[in-house]
Amino acid sequence: MDFLAHWGLTLSVFLPIVGAALIAFTPKEQEKTIKFLSLAFTFLPLVVGVLLLRVYHIGMTGMQLETNRSWIPSIGARYHVGIDGISLPLLELTLLVTFLCAIYSLKWLPEPHNPKGFLALMLLLETGMAGTFIALDLVLFFIFWELVLVPMYFMIGLWGGPRREYAAIKFFLYTLFGSVFMLLGFLALYFRASPHTFDVLQLQRIGPSLPSGIQNLIFLGMGIGFAIKVPMWPFHTWLPDAHTEAPTVGSVLLAAILLKMGTYGFLRISIPIMPHAARTYAPLIGALAVIAIVYAALNCLAQTDLKRLIAFSSVGHMGFVMLGIATLTQIGVNAAVFGMVAHGVITGMLFFIAGSIHERYHTREIPQLGGMALRLPILGGLLAFTAIASLGLPGLAGFWGEVLALLSSYNPLSALSSHTFRVYMVAGGIGTVLTAGYLLWMIQRVNLGKVPAQWEGKKLVDVQPLEMVAWAPLLLLTLGLGLFPRLIFDVTTHSVIGLTKLLGG
Amino acid sequence: MQQVVFGIVAALIVFAAVRLVTTRNLVHGALYLLAVLAGAAILFLLFLAEFVAWVQVLVYIGAVVVLLLFGLMLTRAPIGNMALDSQTRPLAAVVSLAIFGITSTIVWKTFKGQTVHFSKPNTVDTLGRAIFSQYVLPFEIVSVVLLAALVGAVVLARKEE
Amino acid sequence: MPVAWVLILSSFLFSVGIYGVLARRNAVLVLMSIELMLNAANINFVVFNLLLHSISYIGQVFALFIITIAAAELGVGLAIVILIFRNRSTVSIDEVSLMKW
Amino acid sequence: MQIDYAAVAPELVLTGALCIVLVVDLVLPDNRKGLIMPVSLLGVAGTLLALLALAGDPTRTTLGGMFVVDSFAVTLKILFCVAALLTLAMSYDYLRKEGIHQGEFYFLLLCSLLGMLTIASSRDLLPIFVSLELVSVPAFVLAGLQKIDVKSNEAALKFFLFSILSTAVMLFGMSLIYGITGTTNLAEIAVRLAATPVLRSIAVLSVFFVVVGFGFKISAFPFQWWVPDTYEGSPVPVAAFLSVASKTAGFVGLLQIMFIAFHGLADVWRPFIAAVAILTMTFGNLVALTQRHIVRLLAYSSIGQAGYILLPLAVVNVNGGSVNHEAFAASIAYLLIYAFMEMGAFSVAVAYGREGGYFIDDYAGLGYRAPGLAVVMTVFLFSLAGIPPLAGWAAKLFIFRAVIDGHEYWLAVAMAVNTVIALFYYAKVVRRMFFEPAGDGPLGVKVPLLLQATIAVSTVMVLLVGILPDLAAHLARMSTLV
């Protein structure tokens, strides 16, 4: 147990990269071994992650399971990792979803067929994603953040759809552009803090007393990096392309986890370290979030590609998350964390389904589907269920994040103008209606209606056992989190209270 | 006296240098270079750097120019009038005039009041001592440069069989 | 004798050398122009040595080394010119440009 | 005069080695010339050992104060030796296939290396000048060694002309410095510049000429015109040597002069250096976008990298202090890291070039035909682009750190934008290798053992330093002059 408390996090994060190295040294022909390795090295971290829950004290504020070791003494960067209530759900989500992706990949691998490369990259990706959520040192955070870039670039560029190269380079450049500014922000923060440090926890103590002009500047620099990743309107344009072109597993990981890195960055770094700047920019962030919600919903109405539609819906959902964050209140931030997890589960599931539909129909064009509930009742049912969860039906996971985000914007942090945020609330409310509209319309067009002529009389295979295995946890979570939101809120609340205290809330 | 010598030699150098960069004949160019080098050698003598002056004569005039002429002949470069200038002459003139203007103004301002006094010339002896005591390092390095240049020139100029 | 006169002469020599480098397109002539610039530096070193009464004679020594190195470089340079001429029968810089950007 | 032979031991070993190489080349019959390579390799290895014996010693000064062996000198000398070893290993098979004489090649390479070693210890304008020439003169010949290839001839000519031109400009500047300070010793120059009320304009003018002279050597804008042509025309291992060792030698000279002699005038030359650095990186990166030849791409990328290395000089403070220390260390650390990624990329270019070609089009589908080679090339290119956790990332971090420490935020932003631009062309090659179907190039490229070794060493270093950047950072901080 002691070992787990000190090194458990490290273990869960670095096991996948060990797996990636092992796969790299396995001959290409031994596909079974490779698949087994990928399964094992996503399962083991998950096991470690579950065991971590036993040593984690839910009622505590502040960081737990910390490891803090010397790493690059000459520039003052340390290997400092740890989790609190905000990072724990995201870490667990990462470990779970990647494992499910590994299960899914046992049978369904994108073309061109190259399990070795694909699975090794997936494991590499897992280390980067999970590492981002536990890093408590800015340099370390940056490394993990960037580690995600290359595997995802190759995943989209090698195994993606027809416009994969464009999408891959766009994703790469947007993210790199953002992260370079983020790095400059980190460095500026380092030199402004006395004593100079990259340690997030120390900076949370030092940062708030920095002059407000400096805070604003640094917040802006980092904000660009995080905002591109979220993605916030108007930095979102890489997302629909990346999502549409990426292979199923890539889309799932992108939606379920990668996007959360941006919002997590705001919560872990920008806001607690620079509360003054957070208050300054909150109205702007809120405005962009609301624009994203409405804009995404309107765009979705115009989409005919199923994946593109889901991608745009992600922009909207992340808008709700950002709106919650922008209120800077306990309820709002809680809602945001909940929304992040819920979006991860639901949209991850939606992309799985979209992938499976594409497997069967070889198209994602909504007009060419139709009548799926008749031909593939289980798949159609799951699509309906998940889409309804996505639109925020009470009783399912999507509900809490969105409703609480809207509620919290009725009463934002006292330093913020409540009038402005009430306008946001109304606009966000319109967004929810539109969201419900396009999702229901999508369900209607895909599930109901006439079966297109080319599929008449052709045999289509419904959901297979392996798919069911890979999907069941997500479906259960959708239901479970919807019925028992305390599963998340109990974990997050204490940490969120700690965070909002810093803001003077 | 020295000023008169300097004046004459300076005029020679200026004339030869200008001709060197404007002549349309390669061999004439080499001869003008020779004139500049000789003028510089006289200046060295004037400034009491006897040894430097003789090295200038021996190395530059005795060797460099011969080398240049050899090169010209070996490459059988056309020795008549020919287009030796590129299209960038006006630009080159502007740039070099600007450099001359700036540099001469600045050195004039800096060294306005200072004059050189011609005392007893140093002998080769003192210079030799200096080279072999204080300046061993550059001396040794230069010897390797010469060796490398020798080998290099042979390698490049040698015809492959 | 005012040292500035000498320095203006050397500046002139240097500038003429620059002109030659920029305006000429024959490799040998460019080379000669660069020799002018080297001589400008030499004159400076020698006259400064006199002006400063350097006991270490560093100015003169510097000039000696410049002369020696210049001779060595010229040897290599001419070898290169001969090589090019053998292959292409031209020593013009512009015509030698196969590669741009 | 007392000579500290321990201090000059590495240079003596190397001088001995190059004499032996010359003699061995003369006596060996043509069919046994292959022996020269191991002899040269041993010579450099011996030099490296002698250097390692000096590591950690207190500073030694000898040869009339002109030759200083401190941790800065030792670190860079070790770097030069490693770069030379990698070049040697890279050259062997290349020379045999191209029919280039082995003996002269190694001899000249060792001569150039000797110049690099002495420049790192020179703290006086005179030895800096002669050492720089010792670096360059053999390099002209090396560049022209593919004698029947017109491109190689031209590479040598361009390199030669630009180099002696830069020397002439630099010397003119040095003569003025001597005139106003009466000394050529770097430390003395600093003292006298501070003490005597010389006109600022002449000091600035002479510094300007010296910087311009070095600008050619380090391929800073607008003096970089010779670089792409020379790299492309030279034998590829020579291009690698030029882009790493020769450029580093130029930087070593420049850094010593700027930080020891001229830091008192920093407020004057700082804006100039800033402009040059930004223009250099922007020009290099933008033109690199259009390149189709891998060596030219690497050449332009190396121009871009030179801009990054130059950037910390733009925050140097007149009064010295920690900002200068950081800036110096950042440049040194970048040079250390840059050597391995650049050498690695060139090794792959050499390994693939003979069979597959040197155009980026030739790399199409390499990921399928020779996955190993394609993966390591990706590692080097992404490292050059600065993607963590590869070493190039750490190098860029150090630069950013130094620049922000000096409160030059705009410079940092300009470099950040450049980093993103640079990614385009590195990714272009990667894209070719992986995202395009296997072209009609060779299947499964055979890489000679020695080349495998250079690639392996470079890869390990790039990964190791990427994960533990302190390896480079610590070395760089220990070995600063300021």
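What to note about this one:
Labels A, B, C and D are assigned to the chains in the order they are written; within every chain, residues are numbered from 1.
By definition in this document, contacts are C-beta pairs under 8 Å (C-beta built on N, C-alpha and C of every residue); 3 or more make two chains touch, one makes a residue touch a chain.
Please read all numbers here as calculations on a predicted model, not as lab measurements.
Farthest from subunit D in terms of Cα centroid separation is A.
The two chains most heavily joined by C-beta contacts are B-C.
Ranked by how close its mean Cα position lies to the mean of all protein Cα atoms, the top chain is D. In terms of their C-alpha centroids, the spacing between subunit B and subunit C amounts to 6 Å. Centre-to-centre separation between subunit B and subunit D, using Cα means, comes to 31 Å.
Computed from the mean C-alpha positions, the centre of subunit A lies at a distance of 71 Å from the centre of subunit B. Centroid to centroid, with C-alpha atoms defining each point, subunit C and subunit D lie 25 Å apart.
Along subunit D, residues 126, 129-130, 133, 137, 140-141, 144, 147-148, 156, 176, 179 each make contact with two or more other chains. Residues of subunit C found to touch two or more other chains are 7, 14, 17, 21, 31, 42, 51, 58, 61, 65, 69-70, 72-73, 76, 79-81, 83, 93. Within subunit A, contacts with two or more other chains are made by no residue at all.
Interchain contacts give a graph that is no line, ring or star and is not complete, per the touch definition above. Applying the touch definition to all chain combinations yields A-D, B-C, B-D, C-D.
Partner subunit D is touched in their complex by these residues of subunit B: 102-103, 106-107, 109-111, 133-138, 141-142, 144-145, 147-149, 151-153, 155-156, 160. Every residue of subunit B that touches subunit C in the complex is listed here, in rising order: 2-3, 6, 10, 13-14, 17-18, 20-21, 26, 29-30, 33, 36-37, 40, 43-44, 47-49, 51-52, 55-56, 59-60, 63-64, 67-68, 70-72, 74-77, 83-86, 88-89, 91-93, 95-97, 99-100, 103-104, 107-108, 111-112, 114-119, 122, 126-127, 130-131, 134-135, 138, 142, 145-146, 148-150, 152-154, 156-157, 159.
The touching residues of subunit D, counted against subunit B in their complex, run 1, 3, 15, 18, 22, 63-64, 66-67, 101, 104, 107-108, 111-112, 114-115, 118, 122, 126-127, 129-131, 133-134, 137-138, 140-141, 144-145, 147-148, 156, 176, 179-180, 198-199, 201-202, 205.
Those residues of subunit D lying in contact with subunit C across their complex are 125-126, 129-130, 133, 137, 140-141, 144, 147-148, 150-151, 153-154, 156-157, 160-161, 164-165, 167-169, 171-172, 174-176, 178-179, 182-184, 228-229, 232-233, 287, 290. Those residues of subunit D lying in contact with subunit A across their complex are 382, 387-389, 393, 397-398, 400-401, 404-405, 409, 412-413, 416-417, 419-420, 423-424, 427, 431, 434-435, 468-470, 473-474, 477.
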